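Next, two complexes with chain A in common: one pairs it with chain B, the other with chain C.
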Partner chain A sequence: MNELLARSLEASTVFLLAALGELVNQRSGILNVGLEGLMLFGGTAAFLVAQSTGSYPAGLAAGIAVGGLLGWIHGLFSIRLRGDQVVSGMGLWILSFGLTTYLGSPHTGPLGLPRFPALVGLSPFVYCGTLLVAAVWFVLSRTSLGLAIRSVGESPAAAAASGVNVAGIRYLCVVFGGTLAGLAGAAYTLSYNPVWNYNFLMGWGFVSLALVFFSMWNPWVLLGGSVLFGAMWQLSLSPEYVLPGVLSRYVWRTVPFGVTIAILTVISTPWFRTRWGLAKPQALGVPYTD
Partner chain B sequence: MTPELEHRTPPPVLAARGISKSFPGVRALDRVDLEVAEGEVHAVLGQNGAGKTTLMNILFGLIHPDEGEVYLRGRRVRFRSPHDALASGIGMVHQTRRLVPAHTVLENLVLGHPRARGLLDLRRARQELEALCARYGVHVDLGARVWQLSEGEKQWVEILKALYAGVRILILDEPTSALTPPEVQALLRALRALVDQDGVTVVLVTHKLPVVRAVARTVTVLRAGRVAARLSVSDTTDHELVQHMVGQEVTLPTVQAPDHRGPVVLEVEDLSAYNDKGVLSLRGVSLTVHEGEIVGVAGVTGNGQEELAQVLAGLRPAVSGRVRLLGRDVTHLPTLDRWRLGLGYVPAERTEVASVAALSLVENTGLNYHFDPEFCPRGMLDRARLERLTRQILATFRVKAPHPYVRAQHLSGGNLQKLVLGRVLSRQPRLLVAHLPTQGLDVEAASFVRAQLLEAKARGAAVLLISEDLDEIFAVSDRVGALYEGRFVALVPRNEADPETVGAWMAGSLGRRA
Partner chain C sequence: MRIGAYRLSVERAEAPSPPRVALGALLAVALALLLASVLFWTPESGPWTAYRIAFGYAFANPSGLGATVHRAVYLLLCTLAFLIPLRGGLWNIGLPGQVYAGALAAFAVPFWAGARELGSGTAGGVALLSMPLAAALAGASLGALVGLLRAKLAVNEILVTMMLNSVMFWLVSDFIKEGGAFMSATAEGESFTLPEAFRPPLPLGLPPSAFLGLAAAVVVDFVFSRAAAGYRVRTFGLNPQAARYAGIDPVRVSLWVFVLGGAFSGLAGYHYFAAVPGLYKIPTNYGYYGDLSFYGIICALIARGSAVGAVPMALLFAGLSVGGRFAQGALRLPFGVDYAILGLLMTTFVFSHLVDRYRVVWRRTAPAPTSAPPRPEGAR
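Entry: the complex of A and B
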């Protein structure tokens, strides 16, 4: 049971890292639906580099760097070229899917390194993710940079008129989102499940994306949601723990999506909006032209 | 500038020389010069589309001139963005609000503040801002979210924001257009204090002569993208200023609409409705409008006027009460069916609701005709016919547009409003609901619009005019009333009230009548 808990916390962390980065870039107004692609690419890069150098730090660095680079490319399309963010994100996902398959298939199989070191029985990523949540919350709500990020995502014209560099802030956030997606991919392929398969993520990125909407763009809710989603995902792998034989694992896996759809429906009702205000950044997905 | 002149007068604190700027199809500014002396209020006067806002946006670094230079204290400056302008002590309050609606007033004020680096010290900012508010006699709840504020309060937030950032030159673009008369007076008082006590320089963009008279020392008049005159306010007359603004003698159309009230067209009984925030903001309004009659409804923004107009247009559900149009109960009738019955609606939001910016004028005209089988037989747009109608509207309503296929977004506010009004009136509506039809328009366009309302009345339409301009209400209405907190304070024939009384009604008091 303890093992299951540790595993589900580790799964939660993969969701959490990716979703936290996406949360930050969405708060600045940039939607990256290609999260799955960034995670695939970051994970594959981390796996290949760690395998060839035998070094976990090198693998992690590669995952983070590739994620950041892809985030920057998404920024280039959606900020500089003012393209459609959904199209750019989907393009990145398809590109990453294809390229990682091409680069990774010769290395299909286990990583072949000693197990990723644990810290007090848990993967170090779990601690790292929790600290990052606190850091992101602090920056967004207590610092001037955070105010600039939130303003750019709500009303870029107002931010620009206040002297905020809208494009600069958005680049910063989209690259940050990319590095965390790369880190999430690396956490998956180096620690959670250190085996390379064709399309090894199978939707983890999309669950993370759903998690951001679920969290209503609040890092602490995101943390709670990721634990919930991680546990549900882990349970779907071991359905014998919950109501054995009732539903197949594939049905269990749809539960996070079902929950997210329910949440999205509730937060978009006039009833919710008049009581809690608008949770969604108003300029999300809208290119800024001055 | 000759050397001899240079040592006689100090260089202007802010100057623009030979500024030109073109947009697709329009030359917005043509070699414009502007000089503003330190510690004065300099007014930039002009009609809609004269290029005032464009010039200010250039001074503020929001757009870049094609030609020409900007000088700050005698030094040439090139602002790449508002950030540069703010860093040089120039702030601007735009005509459209530049605030983040979801944030609190305090957060908006702190955003972009030069000292806001690293951690946000909101407690200290709050103390400083409270002191600033006290100094200028402003009351704004710093903890409120901006979307909850009235237009006047939002404007104050923007002014406070510029002052808090330590701005020495303040550009105000049409600051009085969204304000009620008492708010205008308070603003003008504060501006005088700013200039006299603190030595701030103010550039005030307006098309209102009384505002210029009240606070400005010098004035630059723009006309069609050029400088028509640069004058000292005390040496000039209103007549002269209007001449410079308009260019030739203006003959404003005057219509004497005969008073013969026909049968009731609109009958509203005990109508209530919620506003966008779920608050009951229209509470039991009753009124009738007869054929050939204009009923003028005054009120400060947010007292239920918008809800009244929208419920009548079928855009907002009524919580209770009845609306009868030509004797038929239309309370729950969809908008389109009301149009078919003879409703004409001119919404207040010219660019968001009344027109589609990216569509051509012909297509915008089609917005009131898409359901008309004569213009759309078997669902196909009869483009030739629509174009003919559009040309006719452009000609009769004196809309200045290069051609009927230009996009609506390229029209100035006044021209767009004439097009919208022309389109609605071309349907010969039995009931015309006009909400703030002259807001933000220059003198000429506004009086044209008013004349059209009178003409609609003369043709037998019932007109409900919802306005914040008391002079306008008294100029055209047969009966006048004021809404306060969702109810009529009173609704009486025009000759039984005067603007002062109605102004008191707007503020919720019964005034001298009580």
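Entry: the complex of A and C
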């Protein structure tokens, strides 16, 4: 059971890291639906570099750098060129899906390194993710930088009029979001499941994207949602802990996705919206023209 | 940038002309092929050899050509499934899930007819017609769920369709693996093979779904350019707020574009798994076929929403994926050349989309001389 708990927390951390970066992205008004692509690329880069150099830090650095670079490309298209953010995000996802399949397939199989070092029985990414939640909450709600991020996400014109560099803040956020997505991919391929496979994420990035909506753009709610989803994901892989012998293991694998749709539906109902009030950034997905 | 008396600047172009859009699409494909040549580069052979092998197999080899045409029909149906919601401003990326739903529904017909146990069975016209109908209905039902959630509650359709893709992927596994209802009696991990009586006729070597796909492409373009229903969908896609003021019901539009899109994806699932000679089953690697449906997104985007314009795109991309995979084996390249080309095509499309929105403008900054400058005294 302890093993199940530890694995659940590791799974939660992958969701959390990707979703936390996207949360910051979205608070600045930029939507990146290609989050799964950034995770795929970050995870593949981390895996390939770690395998070829035998060094986990090198792998991590590669994953983070690739994620940040892709985040910047998304920013270039969305902020500087004022393109359609959905088109850019979908482009990044399909590009990543295609290229990582090609680049990673000769390396299909286990990483071949000693297990990622644990800290008090847990992956260090778990602590890192929790600390990042606290840091992001503090920056967003207690600092002038956070105020600037929130203001460009709500009303970029008003933010610009008060002297905020809208493009600069948004670039900062998309690159930060990209690095965390790359880190999430690296956490997956180096620690959670150190085996490279074709399209190894199979929806993790999209679940992370959905988690941002569930969280109502609040980092602490996001942490709770990630823990819940991590546990649910792990239980869907090991249903014998809950209901042994009931339904096939394939049906259990559909549960996290079905629950995601159900929660998305509930939080979209007028009842939920009026009662809890979604804190959706007003300028989310809208290109800013100064 | 200033060059002599001229200033060169890049400005936003509000409405690119149709020839410019067509040129942008062609350039996007050409650039993707140029970039893909890097993937084909090996110490033994250059990209030209690889392209010669790929296109030679896809379009000049009889068995390769057959595979290309069948795949093109599949891609065309997937293109229609993406294109119809796109004209309404909605993204249907649930193509794989709807394809799997269609395949399962199509195989449910012979399963209920007892054909799995008999291995042959007798099928009349009703059973043959029921298979594509069941497939279209299953895809449409999945699409209807997405359309309703989008229309009634504004639930993000990208997230819902992606979740449904994963749900359907695992449900197919449940049906064809580890004693699943459709599992083959002789091979683990794939469905039973469709008895001959349940295979559709092949006039001109093509299943009826091929003709249906081509006819549908013409009808879809006609509806979008000439019919009131198409006008309503386009208006909603361009400006949902204005559409509401014009009395267009957003619920009906969102619902129907997803129902139609889902129906075409379902038919694509029927076509590839139940109507293509040589397959007639849901194979172990069904995920590969499901993911190929994403080419439908590229076809629709590069054809800029024209269903008929997507036909040559579907044929080209089908040839590229079939031939690319053949060249991959012949030249011992890594797995995934076809997916890599898919990624490159999407990237070049994004850039061509961008190029459409901007134009390069030359402007004279100094006044043009009105007459020849006076000659200095003494000059001849």
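Operating definition for what follows: the second predicted complex is superposed on the first by the 256 of 290 C-alpha atoms of A that agree within 3 Å, B and C clash if a C-alpha of one lies under 4 Å from a C-alpha of the other, contacts with A are read in each partner's own complex, and residues count from 1 in each chain.
Everything that follows uses one rule, which is that a residue touches a chain if its C-beta (ideal position, glycine included) is under 8 Å from a C-beta of that chain, and two chains touch if they have at least 3 such contacts.
Please read all numbers here as calculations on a predicted model, not as lab measurements.
Visitor: Taking the superposition as given, does A:F257 touch the first partner, chain B, the second, chain C, both, or neither?
Guide: A:F257 sits against chain C, while chain B stays out of touch.
Visitor: Identify the partner contact of A:Q282: answer first if only chain B is touched, second if only chain C is, both if each is, neither if none is.
Guide: In the superposition, A:Q282 touches chain B alone.
Visitor: Between chain B (first) and chain C (second), which does A:A210 come into contact with in this model arrangement: first, second, both, or neither?
Guide: second
Visitor: Quick check for you: in the superposed arrangement, does A:F77 touch first (chain B), second (chain C), both or neither?
Guide: Only chain C; A:F77 stays clear of chain B.
Visitor: For A:N165, is the partner it touches chain B (first), chain C (second), both, or none of the two (neither)?
Guide: first
Visitor: Name the contact category of A:T53: first (chain B only), second (chain C only), both, or neither.
Guide: Neither partner.
Visitor: First (chain B), second (chain C), both or neither: which does A:N197 touch?
Guide: Neither partner.
Visitor: Check whether chain B or chain C contacts more residues of chain A in the superposed model.
Guide: Comparing touch counts on chain A for chain B and chain C gives C.
Visitor: Quick one: is A:T101 in contact with chain B, with chain C, with both, or with neither? Answer first, second, both or neither.
Guide: second
Visitor: Residue by residue on chain A, keep only those touching chain B in one complex and chain C in the other, then list them.
Guide: none
Visitor: What residues of chain A sit close enough to touch chain B in their complex?
Guide: Per the stated touch rule, the residues are 142-148, 150-151, 154-155, 157-165, 270, 274, 277-278, 282, 290.
Visitor: Quick one: which bits of chain A touch chain C in the complex? Just the residue numbers, please.
Guide: Interface residues on chain A, with respect to chain C: 33, 77, 81, 83-84, 86-88, 90-91, 94-99, 101-103, 105-106, 198-199, 202-203, 206-207, 209-210, 213, 248-251, 253-254, 257-258, 260-261, 264-265, 268-269.
Visitor: Help me check something: in the complex, which residues belonging to chain C touch chain A?
Guide: Chain C reaches chain A through residues 39, 91, 93, 149, 153-156, 158-160, 162-167, 169-171, 173-174, 177-178, 180, 287, 291, 294, 297-298, 301, 334-337, 339-344, 346-347, 349-350, 353-354, 357-358.
Visitor: Flag every residue of chain B that touches chain A in the complex, lowest number first.
Guide: 62, 81-83, 86-87, 92, 94, 97-103, 107-108, 110-113, 116-120, 145, 161, 277-278
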